[in-house]
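The same chain A turns up in both complexes below, where it pairs with chain B and then with chain C.
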Partner chain A sequence: MYGFEALTFNIHGGYLEAIVRGHRSGLLTAADYNNLCQCETLDDIKMHLSATEYGPYLQNEPSPLHTTTIVEKCTLKLVEDYKHMLCQATEPLATFLEYITYGHMIDNVVLIVTGTLHERDVQELLEKCHPLGMFDSIATLAVAQNMRELYRLVLVDTPLAPYFSECITSEDLDDMNIEIMRNTLYKAYLEDFYKFCQKLGGATAEIMSDLLSFEADRRAVNITINSIGTELTRDDRKKLYSSFGLLYPYGHEELAVCEDIDQVRGVMEKYPPYQSIFAKLSYGESQMLDKAFYEEEVKRLCLAFEQQFHYGVFFAYMRLREQEIRNLMWISECVAQNQKSRVHDSVVFIF
Partner chain B sequence: MGQEEEKGCSENGVESKEEEQDEQENNVLRFLDSLDSYLVLMDSLSSTLRQGWMELASARHSMGASRLNSALFDLKHHNAATSLEVNHHDDTTMQQTYFNLCKWASPDTQNLCSKETKLEEGELLQRKASSPQIRHRGASRSSVTVDDQVQKERSKSLSVFGALVSPKLRGAQLSFETALETLVEIANIRSSILCTHDQVQEGMKTMT
Partner chain C sequence: MEYIDNLPAMDLMRSEKMTFVQLIMPVESAHRAVSNLGELGLLQFRDLNADKSPFQRTFVNQVKRCAEMSRKLRFFKDQIHKAGLLSSARPALQPDVDLEELETQLAEHEHELIEMNSNSEKLRQTYNELLEFKMVLQKAGGFVVSSKSNGVPEERELDENVYSNDDYADTASLLEQDVRSGPSNQSGLRFISGIISKSNALRFERMLFRATRGNMLFNQSPADAPIIDPVSTEMVEKTIFVVFFSGEQAKTKILKICEAFGASCYPVPDDITKQRQITREVLSRLSELETTLDAGLSHRNKALTSIGFHLTKWMNMVSREKAVFDTLNMLNFDVTKKCLVGEGWCPIFAKTQIQEALQRATFDSNSQVGIIFHVMDAMESPPTYFRTNGFTNAFQEIVDAYGVARYQEANPAVYTVITFPFLFAVMFGDWGHGICLLLGALVLIARERKLGSQKLGSFMEMLFGGRYVLLLMSLFSIYCGLIYNEFFSIPFNIFGGSAYKCRNDSCSPMDAFSKTFYSEETSFGGRTYGRLGNSEIDVDAEPDSARQHHEEFNFSEVFVHQMIHSIEFVLGAVSNTASYLRLWALSLAHSELSTVFFEKVLKLAWGYDNIIIRLVGLAVFAFATAFILLMMETLSAFLHALRLHWVEYQNKFYYGDGYKFRPFSFATLTDDDD
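And then the complex of A and B:
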């Protein structure tokens, strides 16, 4: 039973919980989004964002702006907040915060390896990496020819090392192997993060279990939909699903054999939390599925702030900020392409 | 007799003038039809490209910027998946250029030219509206084989972004493919416009 965190949490975590709740109050509101959706140019967006917490990051950017510039600069705000919290954190919060970035680390590893396979310049690839997923030896990834070398030369000294045990082979890296590696690493990471949160116990375990289970289920659905019509076999598809979550294990059995979006819908509608998500979609359509999942995720992340004295607020803040940056990216693209009527296709309001 | 011959000649002259006028009017009509088709195709191209760019942005939103960016393009040497054939047709009156698109025709699949894939165009556009992965049952064996091969080539070209990409990216690919076909049609229509324009001008010179 939890509840005794109130006695001791503030000794080590009180300051940072206050900080993260302060950051949360700086997230954009519906009124901010309404103003942004009415912008005619990217410079208008920059002008509106100058009154928000993103202002200092965009103020020195020259015109003409590009959508990727807006996303990069807004991401710097997220990175700065994270680094401040990390440097102030004690254990086990510091480890918890580091876990939050391992997903970006995996994405960066895959980006470097894929780009190298395509004979791209390493510096160019490093510029595209997410700043939260950087580590010292990342540039050395370019020399590896297969996963065994990848592990032995570079990743053995990184936090991703324990996740490689399931995907070490001597096969040369190609597009399918890299994709399987990405998803296998992410599966191992999610399971490890889940176990870590369970060990922490209390409100952290309860809240993070719900959030990570949702993440695992969403990944299972996305893997299923994205692999329809590809060479990925049913067995390989099933191996990429995490070993926890609401869909584990029976939902995974059914998802593994799905051949189209309607079969996926049939599986997911058996689970009440996901009925509402799929009720928003018409038959045969998957365009709005991402938005439906993001809306559900935002709802759960906002609920994490309703309780005190747990680490889930840090995870929730990071994810909400990432969602906000996705919203800004989408609004910028709609404005840049003069398609403002499509703005509400993918913007998810947080407040 | 001389008067009858003169009458016959003048009747023939009137008939040939009428024929020339008819031909000239036909040329003008063909020119205007080509121009109309050109304008319709340009409008169609514009809306297809807008749709394609929006779908690409949507795919980027879904998959993330690290999975979908220009740094992942393959710089290794490889054969073009699609090529354009340019043919010149010379007839007695005019020279006209024809453009023919050979889609998804790698060296291993030389038979897959746009003539065959155009048969599936209607099906592909229909498929895009619902889902890119639904197979058409009851299709003939050869069209199913071509269909599978085309799907494989499409997936291969998208594999630079990973083996498991979002359906939105596949949708964007189809949009840009349709735009490319429209561009080739526009090129052919332009060639036809130029040809009929020259014919009309020739006709006007002849009549004056």
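And then the complex of A and C:
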């Protein structure tokens, strides 16, 4: 039905698309960020945010504020926006919206399992979890001793269950295989999400395949860089790459054998869209890579709004808000720790 | 000539003459001056610091303090609301406090309240724990004891259902034995008893089952009464459970699961005498705690009521102070001269009042230097300010919804007062329905004072706001209805032949044309609107085109421009005139609809000699009249009248590109808060 979404899209998706576009116009602008970067205290930040959509969420917080409170309240706004949209959504948009949260679910599972491994308090860990990735009985994760138990006890009830098929081993949990589990799950999740979007077809498939491919490629690069110098074999490394994206399949072959960052760079520079990202970095540097990737992602997410009648805007909005919250967290941290000179290091302007 | 001069001024026709003024205020009297001006509400300040972000402004700290105070006040309000007390505003027992004093007072109150809350929360937590313990003792004690005495059949059943697997047979029989053999913790079978919220119970049970591979027995029973959750202060339904299991590993697992589900576990001795002893202890402690809690609660309520007396006043005061500082932040702060410079708009008539207010401020603050107030020239066009009253306000709103008049532009609201209800009535002409509307409008007007002071729903708010529009609409409907000879669609031939005959189906649309044209022309009066004729000459004489001569003259451009305008005008004349046909169509629809209801419902029902059918017919007719004719038709006639004014009438002369005068006023402030 490509090209004919305009006929029928608004029957079910029109209202929510309008809502999400409204939300988008509430995102902080470069002018807002400039003002925020000039703040001297967290109270200044609160005062500035009180004029934005975050206002109602922060107005009842007593001074002195903490960075965590700001982040928590801003996340609360995102969660409420999301829940509101989810309530109004019909199929297949509802499933699409649910897919967006699975990434957080994986992160939360990993957070709790790692935390329990290091004998942290479960309640404390739960507070750190992203509220979008919460599911019933998440706290029970602490009971599990190995992957098999993890699956059998808790995850079998969650939407993550199908992604687990490759992870079920009876090995005891340790940091290494938790990290492998995270990446295997993420790979399965991205592939599933990608397939789902392809099934939806039309502009959704087109835009989401671009966004998800970027995500998959970024993960492939990060996996490669993080696994350099670890026990992970080349084959295992390759198994963690998602089976789509611009780098699939030849780029993956090359990435799998990379031994240092400059080799990764060599591989990536063959791909024009990533050339510009790596061109910004000096040789041997990987610190600024995250920011460069985020900037590219934000650019692509903003482009999703240029087209109408597709679900990509929901994904884009959620991601942009998350980026915004990361920005706010960074700014607040810099302000709180008197490191204002570093404010611009990690802030990604959205507009 | 004299006669014309003696006529009352047509204030509503032209907006107030405005003037741009500059204020130079010494620092010491600025605050008082601005708050006096807020009291007066006739000066619109211009933001001279628009390029500065909120926290770069001069009085940012004061604004922050006010925001903090209003946060505290919201906290009090919330607490009072939660405690179920009413914040009744007593007549001020306390003299006016100043801001600093209020700030310390509020901080004290907040501190006190938070302390009380945390104390009572702690107490409530202990109380809850004890209460839960009591429930667990009562219920779970029952399980433990009953499984002791009637253990056999129950365990048998279990044996068959769950432990059918051979592997588990040993454990099961062990279980059975243990339960029967009294003190259990020596021989491997243990139990954990506790309480969990009802919504979690099912998942909890499933998780336990999975974690122990079914090697457990789960007993549950709903708690007798819901328990208050100390954090959210909501009532939560709970379920009491006892899990029987064996093995140390299972125990740690189960405890972890309990923790994960937020279930609180309480030890229950399986000895009956011990149980009774503990129950007794718990009960006595519970009653102790209850008295403490009650005392704390009444103390807290007392504190809250005393806060409640002043709450409204304080909130008013803080929001005023905040508004004053927000306004002060709009002024230029001249450090060297120690004064604040403000600019803004005010109506010319208000100048003396403003000067008085400023003088008062100088006097009250014992300032050596007076406040300088003088008129300046302004580049931008002044704001539009109409002084309306309760009657004209709604009509002005109707016009403003389309566009705020350009400064000193002729105001269509003057004509709208009559033409709007008239056009409405042409479509709604029925004096029976008109009387119904009139009664509704009169009720609203009679209760004006009462309704005006309270908060209404959005729909009632709208009705109440338009009560005088409704009044005029109903009066005109009665008038038109009398001329149409219609009373609930029954003809009453009072005046003989009707002047508005055109509503008969035989009538040609041209009648409607001529009539509406006539009414339009009379209402314009042709006094000030040069553009209004329907000849081409008027178009050429448009002020816009005259102005273009001063600029660079480009014949072809002007020609094309004029051409477009001419075509637009001619098309507009035709289509707008045709648009007035809706008057005819709607009035016809209204009368036809009411005829249908009258003939096909009421008359039909009256044809039967049966009281029930007659009553049913009457009821249906009444409902149809009330909901379809009185509500829906009123709405549709209203909307069409609105369209005729906005589109067909106002586009002939009305620019509507001005902006409203928004004076700094405390009166508008309290509206926003509510």
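We take it that the second predicted complex is superposed on the first by the 350 of 351 C-alpha atoms of A that agree within 3 Å, B and C clash if a C-alpha of one lies under 4 Å from a C-alpha of the other, contacts with A are read in each partner's own complex, and residues count from 1 in each chain.
Methods note: a residue touches a chain if its C-beta (ideal position, glycine included) is under 8 Å from a C-beta of that chain, and two chains touch if they have at least 3 such contacts.
Bear in mind the structure is a predicted one, so any value in this text is a computation, not a measurement.
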Partner chain(s) touched by A:A139 [first = chain B, second = chain C, both, neither]: second
Which of chain B and chain C A:I261 touches, first, second, both or neither: first
Partner chain(s) touched by A:Q275 [first = chain B, second = chain C, both, neither]: neither
Touched partner set for A:C39, first chain B, second chain C, both or neither: second
Touched partner set for A:P62, first chain B, second chain C, both or neither: second
Which of chain B and chain C A:N226 touches, first, second, both or neither: first
Partner contacting more residues of chain A (chain B vs chain C): B
Chain B to chain A touching residues, read off their complex: 50, 53-54, 57-58, 60-62, 64-67, 69, 71-76, 130-134, 151, 155, 159-160, 162-168
Chain A - residues contacting chain B, complex: 68, 71, 107-108, 110-111, 114-115, 118-120, 124-125, 127-130, 175-176, 178-180, 182-183, 222-223, 225-232, 259-261, 284-287, 290, 326, 329-330, 333-334, 337, 339, 342, 345-346
List of chain A residues in touch with chain C within their complex: 35, 38-40, 43-44, 47-48, 50-51, 59-63, 122, 136-137, 139-143, 152-154
Contact set on chain C toward chain A in their complex: 53-56, 60, 63-64, 67-68, 71, 74-75, 203, 207, 210-211, 253, 256-257, 259-261
